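Chains: A, B, C and D, in written order; residue numbering restarts at 1 for each.
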Amino acid sequence: MVDAAGGGEWLVTSIGRSTADSISVRGHDLAHDLMGQLPFADVAYLLVAGHAPTSDESRLFNAVLVSLADHGLTPTALAARLTYTGAPEAIQGVIAAGLLGGGSVFLGPVEDTAQFLAAALDGLSKRDRDDPRRLQEAAKAAVNSALADGRRVPGLGHPIHKVADPRTARLFELARDRGLEGPHMRLLDLVASEHRRATSKPLPINGAGAAGAALADLGFQPFIIKGFALLARTAGLIAHLAEEATHPIGMRLWQEVEGRASRAED
Amino acid sequence: MVDAAGGGEWLVTSIGRSTADSISVRGHDLAHDLMGQLPFADVAYLLVAGHAPTSDESRLFNAVLVSLADHGLTPTALAARLTYTGAPEAIQGVIAAGLLGGGSVFLGPVEDTAQFLAAALDGLSKRDRDDPRRLQEAAKAAVNSALADGRRVPGLGHPIHKVADPRTARLFELARDRGLEGPHMRLLDLVASEHRRATSKPLPINGAGAAGAALADLGFQPFIIKGFALLARTAGLIAHLAEEATHPIGMRLWQEVEGRASRAED
Amino acid sequence: MVDAAGGGEWLVTSIGRSTADSISVRGHDLAHDLMGQLPFADVAYLLVAGHAPTSDESRLFNAVLVSLADHGLTPTALAARLTYTGAPEAIQGVIAAGLLGGGSVFLGPVEDTAQFLAAALDGLSKRDRDDPRRLQEAAKAAVNSALADGRRVPGLGHPIHKVADPRTARLFELARDRGLEGPHMRLLDLVASEHRRATSKPLPINGAGAAGAALADLGFQPFIIKGFALLARTAGLIAHLAEEATHPIGMRLWQEVEGRASRAED
Amino acid sequence: MVDAAGGGEWLVTSIGRSTADSISVRGHDLAHDLMGQLPFADVAYLLVAGHAPTSDESRLFNAVLVSLADHGLTPTALAARLTYTGAPEAIQGVIAAGLLGGGSVFLGPVEDTAQFLAAALDGLSKRDRDDPRRLQEAAKAAVNSALADGRRVPGLGHPIHKVADPRTARLFELARDRGLEGPHMRLLDLVASEHRRATSKPLPINGAGAAGAALADLGFQPFIIKGFALLARTAGLIAHLAEEATHPIGMRLWQEVEGRASRAED
């Protein structure tokens, strides 16, 4: 097709197609090959990657999403609940408001860790990535460079899980069991050790960091990893929405804040 | 706890809790009982319902989400892609913009069908809901009332799948196989027949309607059903985001629209 | 222009146009006729209505926006602040999250009042709208119908300004002074009296209701009136954003909520 | 007030306060001192800055907002229109979706220019900022550093206004006339000259850059400047919403895109 502005096939998609009596997704018949055959998260994987995960990849991928779904009464959950207080008729706005807080502070570490590891691996050949010595050097260089610039090393430390984040050990265990621990996860492990050595502060790998590394080893790019983190978080937001509808917090929180707030102009 | 505004325990959540070395979700240990054990969608179900689905329920629930994930270059996907054109650095905004179009026109039918069926079932005892004659009467009354008021009956008809929506037969088949076809799905079937009889227009049950009825039979309320539809759609939006990053449509679409648009003030 | 799908000029806009050396908005030269000549809100009016307000209309229109801009630590402001806590790098997401709570509960009354009044005026000729007796009858019918159906009459009552909302008197005064009090404002006044008579509860006209009626008398439709309410609110959200950046509330609020929240599964 | 988490007055706001019979904003009585007295944009300025603009500042500030309000059928306007196609019942979602595209590509230049100029001025004393030679050196250093790093200099160049952006001359004229051209605007002028010298490419200062510099000279920080750009854009989005409701583009655009799109899996 040639568009008005001149030139070429730009209006192209390879995600899916429909005819009067069939729907296909990435070349699979939706009704017969996917519905009832693949779990939802595997179809999300298929939609993005263009191919379905193996059963091992599926297990790790699902575990990562599960690890990111729950989040308690975080700012994003509170923002969603407060949005429900004002606009209970527009559920899409409630979920959207909750996701919008998934930025650099809260969901960022998942993406940031993937980005940090990808940058540290950049330039290493496939063979180098499998060489523990090279990986060790890359970890050391990345940590030292971050510390020298006063940048935080992402994926380390957690305000509550100060000694160990229970999600981390589980993700590493699942990946190792299935032979899916790739250069990103191995590098993250080395980064944590190097960081401990360089700072004398033993910071554990947090769940967000482990999740980012695992998704990177599954072949996803950092911005897509952020997308999957948002997908996982959406599940938690629906739970908060359901709870808010039956046990509302938003209205009472507002009343309490309004009542307690000092007015600086007084 | 007594809050400042006086009175009672309102700051309560039963979704999850964390301690220094454990995280629990709806009473299950996240790392050991959920990660690597339950698929992501089942954890979404657990988060919302408070209990995990049975394996039959899981199969139907996953199939519903899968049926709603793909949607082609719809207005919501285009809105997300155009948002990426302007703000590629804020993926949460891209997903949020895509979800915001999930309102009465596009994702609404899932929720509207559940609402319509729930209203028609309202007042029927458990026993009546299992009685085909009563259900038939409820279908007839609901259809006639809608037609008399000039309201559309939700869940029927599709612009492309004019004869049959392939997702519908599959969802009914999965539900029947597993003994999960409840009063909402059975009623929807009867509603389609009554509508055909009353209007002489044979409109098939569309995938959105079947999805709404199936989720209602799984025990979810209409606004939560809308939430799950948004969760499903998020997977598709990530796929569009991934494709937009490598094969951009947004910028070219803008250029073409700007170039072609007539200016009425001319 | 004929589009691919066949048929006619649909890709048309009359809002503005640009050439290499000029920009026009609704037929006015942006740089010379609008910048430095018209206040911003008047250009907003022009963009939507297609013509600039008279100076009297401008004064009333600006006063309405001013009346809606401030809102304290409402759920929408809190949602915006909490979104900033999580995503301080994406200001557009902070503002968007704040606006998303502007639904049926908080900004809705502005639109709902306009809608209620428009419905009550529907069917009245221009002459009838100027006839106090007819307007009185319309007010009575609208109030009685709402009360009979158990619907709230929008635009009446305020949780803090229980006797009188200071914005209301001011908007009516400004409109009367300028000869801009039209059928919507007059009807709202009568609606408040009828409601008092019918219920024996003296509820004052609230600022939101007066704002909705004033914008309706300026010729705007209910959904556009909602749009202007969101424009006004955006100003307040920027102020909360500025304050949040220097005196953060979001992070402390989160910590306090997390610390105080009871866990129902305990 | 001492909060549960221990320590200090954190729940403080100085934006506004309400009692049963009055509302004050930044110490002004809303109904009597602001409504009908100050234009809306001046109240936005007051809300954020804590003090109202002088009449000269008001004129420049309003002109900046006016310059940013119109934007044609840009990706953000299209995203808003497509969101209206799917969710016409939730206007707040339509506006929010439109704003979410106001990121690094489209509205970013306003903020980026302010940020670039602030960084270049950083370290210069008040006296240095008034010294044309010092400013010249700062411009040269900033341009050379950007070019050496392969970074774009923000605020220069425009795809349509290739020779001169009509908004730029007007903003500089308004600022000079009123004695409001401060170090940011003067520096931007010098940056454009230095860039031309260094690259031999004569790129004009674009309207976004001039707007960012003008708001910076009015004393606002870059992230607040982004906020005001979003406020301005909201006016344009309401105009697109109004036009979409009467002359819809979204649905036809979708149909055309769906019809024309090639399917790569074919």
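In this section, a residue touches a chain if its C-beta (ideal position, glycine included) is under 8 Å from a C-beta of that chain, and two chains touch if they have at least 3 such contacts.
On a predicted model such as this, the values are computed, not experimentally measured, just so you know.
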| item | value |
| --- | --- |
| Comparison of A-C and A-B by number of C-beta pairs in contact, larger one | A-B |
| Most distant chain from subunit D by Cα centroid | B |
| Subunit A and subunit B: spacing of chain centres that average the CA atoms, whole Å | 23 |
| Rounded Å distance between subunit A and subunit D, as computed from the means of their C-alpha atoms | 31 |
| Inter-chain centre distance, subunit A versus subunit C - centres from mean C-alpha coordinates, in Å | 38 |
| Contacts with two or more other chains, residues of subunit A listed in rising order | 11-14, 17, 72-73, 87-90, 92-93, 96-97, 100-103, 107, 253, 257, 260-261 |
| Subunit B to subunit D touching residues, read off their complex | 72-76, 78-80, 82-83, 85-90, 93-94, 96-97, 100-107, 250-251, 253-254, 257-258, 261 |
| Touch list for subunit A against partner subunit D, complex | 1, 9, 11-14, 17, 24, 26-27, 87, 89-90, 92-93, 96, 257, 260-266 |
| Complex interface listing, subunit A residues touching subunit B | 3-5, 10-23, 25, 30-32, 34-36, 38-41, 43-44, 47-48, 59, 62-63, 65-67, 69-73, 88, 90-93, 95-97, 99-103, 107, 111, 160-164, 166-167, 169-171, 174, 221, 223-224, 226-228, 230-232, 234-243, 245, 247-249, 252-253, 255-256, 259-260 |
